[in-house]
Amino acid sequence: MTDRLLRWVLRIGAITSALIMLLILFFLLLESWPALQQITLTRFFTDPSWHPLEAAYNLLPMLSGTLYASIGALLLAIPLGIASALFIVYYAPPHLALLYQRLIELLAGIPSVVFGFWGLITLVPLINQLHPPGASLLAGILILTLMILPTITLTAHAALLAVPDEFQRGAVALGLSRWGVIRGVMLPAARTGIVAGIILAAGRAIGETMAVLMVTGNVVQHATSLYDPIRTLAANIALEMAYAMGDHRGVLFVSGLLLMLLVMLLSGMAATLSNKHHA
Amino acid sequence: MLETVNRIWRSGYRDLFAQTIIYIAVAFVCVVFIWILSDLIRGGIAHISWDFLIESPRDAGRAGGIGSILVSTLLLLLVALVVALPLAWTTAILLAEYVPVTSKFGITVRYSLQVLAGVPSIVFGLFGNAFFSIYLGLGFSILSGGLTLACMLLPILVSTAEAGLRALPDSYRLSAAALGLSRSATLFQLLLPAAAPTLAAGLLLGIGRALAETAALLFTSGYVERMPGSLLDSGRALALHIFDLSMNVPGGDAPANASALVLVALLLGINIFAMKLAYGLQRKRII
Amino acid sequence: MKLDVNKPEQSVKDSDDAFTLGPLQVGPACCNPQPIIQVKDLSLHYGNKTALNKVTLDIYRGCITALIGPSGCGKTSFLSTLNRLTDLISNCRIEGSIHVEDSDIYAPTYNLQMLRRRIGMVFQKPVPFPFSIRRNIEMPLREHGINQRNEIDSIIEQVLRDVGLWEEVHDCLDTAALNLSGGQQQRLCIARALALNPQILLMDEPCSALDPIASGVVEDLITRLRGRYTIVIVTHNLAQARRIANYAAFFWVKERAGHLVEFGHCRDIFETPTHQLTAAYVSGARG
């Protein structure tokens, strides 16, 4: 009797949890629907500029800003993250490996607003000395790198650990050097897991808001150099939601929907990859 | 002969080169981590005092403390946990104990939570604003902020609890059944107590995630820095306070720094404690 | 269910090939050969694989019955059908009938918890729950409605004395059961099963995960339990079966399904087996 009751309670809980996802999609669609009906999709790419108060809704500069920042951060974080994972698994003595792993985990726990704050008071002035104004694509890339580094390191670490021991023993028995074993056997064997982690990190980078908003200067433009200020899609939502009305608000929800679909696509890819890996 | 020697020398050289690169990368990450922490500590320690922790902010936060902010943060956290914990744990129990791994229902729920885990926090903010603040009419309040946070916390709470339950050996379930315990008795008397450390570790991670959150709260719990009178009042979270002081208040850097230090200290403490729990668990399993 | 010790012998006319022996001619004095469990035409399928095919056999009250045979011949599966632990395996199907004291345990209305209370089970690997020694025994008792503090205490002392653990642990009842040695853990698991005052004990290779000394201690314990409990024990150790069992049932794999080949007095099985396979197996020529 209590067993049956419990089963129902559990089922209701699980269904509610699963429905939240749909609820979010539904409300994003609901809020963007009027705007999507008013504004044809092509206008998001062909309007002369982003001046929402004058009904000009070109999202391209924000998209390019998001992509530049994310790709730049990935380019830096991938080598650093994989090197960190290799250090933990193969190079460090056990206690140092554990210590470094904890440090990475703590890095993952630092909130984005603190990264943003640190960027604002330390990195931006430094870059400003190099090339004004300081608040720039470069600052955004550097901060994002720090934020996605733990994701890449920890997933690569897990993927490397999941490689069967026999592979390594077999490769060592062939007389390969340490780097030969890693490059020739371990990294290829762990590739799918590492790539899945990189895709997850890309999702985080695209969706990151506060830290990027605080250090990139938030000028709506296509960056021509690393020192140009940019604005990302996520930062745009945070900046303009407070006063957006009507279509403007709708367009912000459209960009939120866009972000969400991008991230869903990426996490779907990562999930398929790691499923294939396990199968 | 010479060529062989040459090749061996070259592979050794490559080995050393790779090792050097890796050590440099690791040293770089460590230096940056220490740099961030020391910057925060140096800039914030002078400003921190008992008064700073209990006083309400004055003059847009330039003076006074963060007392009311801490209270708002705590209330947000409470609302989020009260809503998210029952949902998350019932979901985890169902997924781990009652449906087979390959069942359609289980896969659907798990996939939905996986997607939820990837949703950017600003999107949660948009949703919270549209659903809780406007559609449900809760306005800019601690309640809407806390409910938004609850949605964000679900995936991490479910996945840690499910992993904790799955890590328990099947022999527990068999033995309990052989002792004539009902399924609910097995669950409450044996499985949940045995998985308590992982549940607690997941809970701590969730608390950490909630404390760190800013973007989802921007348009749900609002900016008001007064002491909240009820859950329907707007209340400013600590993370949001840091953002506001550093971006919108000229001369707010010192209190922002001190607040950041308080937040980081809290989070590091929580994370280290969670690690201790999870690590102690692993060790016990080895023995 | 009323227990009637002096009930006359069950008639076996309805199935000619039943391994029912009638009154015991020779054998230890404790044995009073009345069937307590009657298994008829029992088949067990996992999905479309057959693990057991048409097993018919009686288990006698107060005796030790050893199930022997090579691995994968369905001994453990057979054991789990007796307390319906097979219910926990999702794709497991059962045909035939099992009567415990004349009531069909697979009848839809049968009280499963009561069945498992009457039939205790001990597994190959000791499964102490991650609690204190005391709580390991106390928790199932409370679930079965025994709530009096002093009653629980006296049962704990009683069963720990029964398994010879009292002297070793009476001053550390509140320490973790996981700290005990393997043999102590297994004896604790037996004590935990005995605390529910079962009539029947199922043992699935209770000694094979233990070192030789602990194994000997547990074996002595099983011998001492003879007469007070009906014991069904799976063992790979033929010498052990021979030392402790009154009856032996020999299983073998035919066409990938487990069959019962021969059942009889332990001495007969080992010394004058009627079946060729049995002779080959007990002499070590096959299996």
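When the chains are written out, they are named A, B and C in that same order, and each has its own residue count from 1.
The working rule: a contact is a pair of C-beta atoms (placed from the backbone, for glycine too) under 8 Å apart; a residue touches a chain by one contact, two chains touch by 3 or more.
Nothing here was measured: the structure is a model prediction, and the numbers come from that model.
Ranking all chains by how far their C-alpha centres lie from the centre of chain C, first place goes to A.
Each chain gets a centre from its C-alpha atoms; the one nearest the centre of all protein C-alpha atoms is B.
Ranking B-C and A-B by contacting C-beta pairs places A-B first. With centres defined as mean CA coordinates, chain C is found 57 Å away from chain A. Chain B and chain C have centres, each the mean of its CA atoms, that are 49 Å apart. Distance between chain A and chain B, defined via averaged C-alpha coordinates, is recorded as 16 Å.
Each of the following residues of chain B touches two or more other chains: 182.
On the side of chain C, the complex with chain B involves touching residues 83, 85, 87-88, 90, 112-117, 120-121, 123, 125, 127, 129-131, 139-140, 143-144, 178, 189, 192-193, 196, 202.
Against chain B, in their complex, chain A makes its touches with residues 2-3, 6-7, 9-18, 20-24, 27-28, 30-31, 79-80, 83-84, 86-87, 91-92, 100, 102-107, 109-118, 120-122, 146, 149, 177-180, 182-183, 200, 203, 206-210, 213-214, 234, 237-238, 241-242, 252-253, 256, 259-260, 263-264, 266-268, 271.
On the side of chain B, the complex with chain C involves touching residues 100, 169, 171-182, 185, 189-190, 193-194, 284, 287.
By the touch criterion stated above, chain B contacts chain A in their complex at residues 11-12, 14-15, 17-19, 21-23, 25-26, 28-30, 32-33, 35-36, 39-40, 43, 86-91, 93-95, 98, 105, 108-109, 111-127, 129-131, 135, 151, 154, 158, 182-184, 187, 208, 211-215, 218-219, 239-240, 242-243, 246-247, 253, 256-257, 260, 263-264, 267-268, 270-272, 275.
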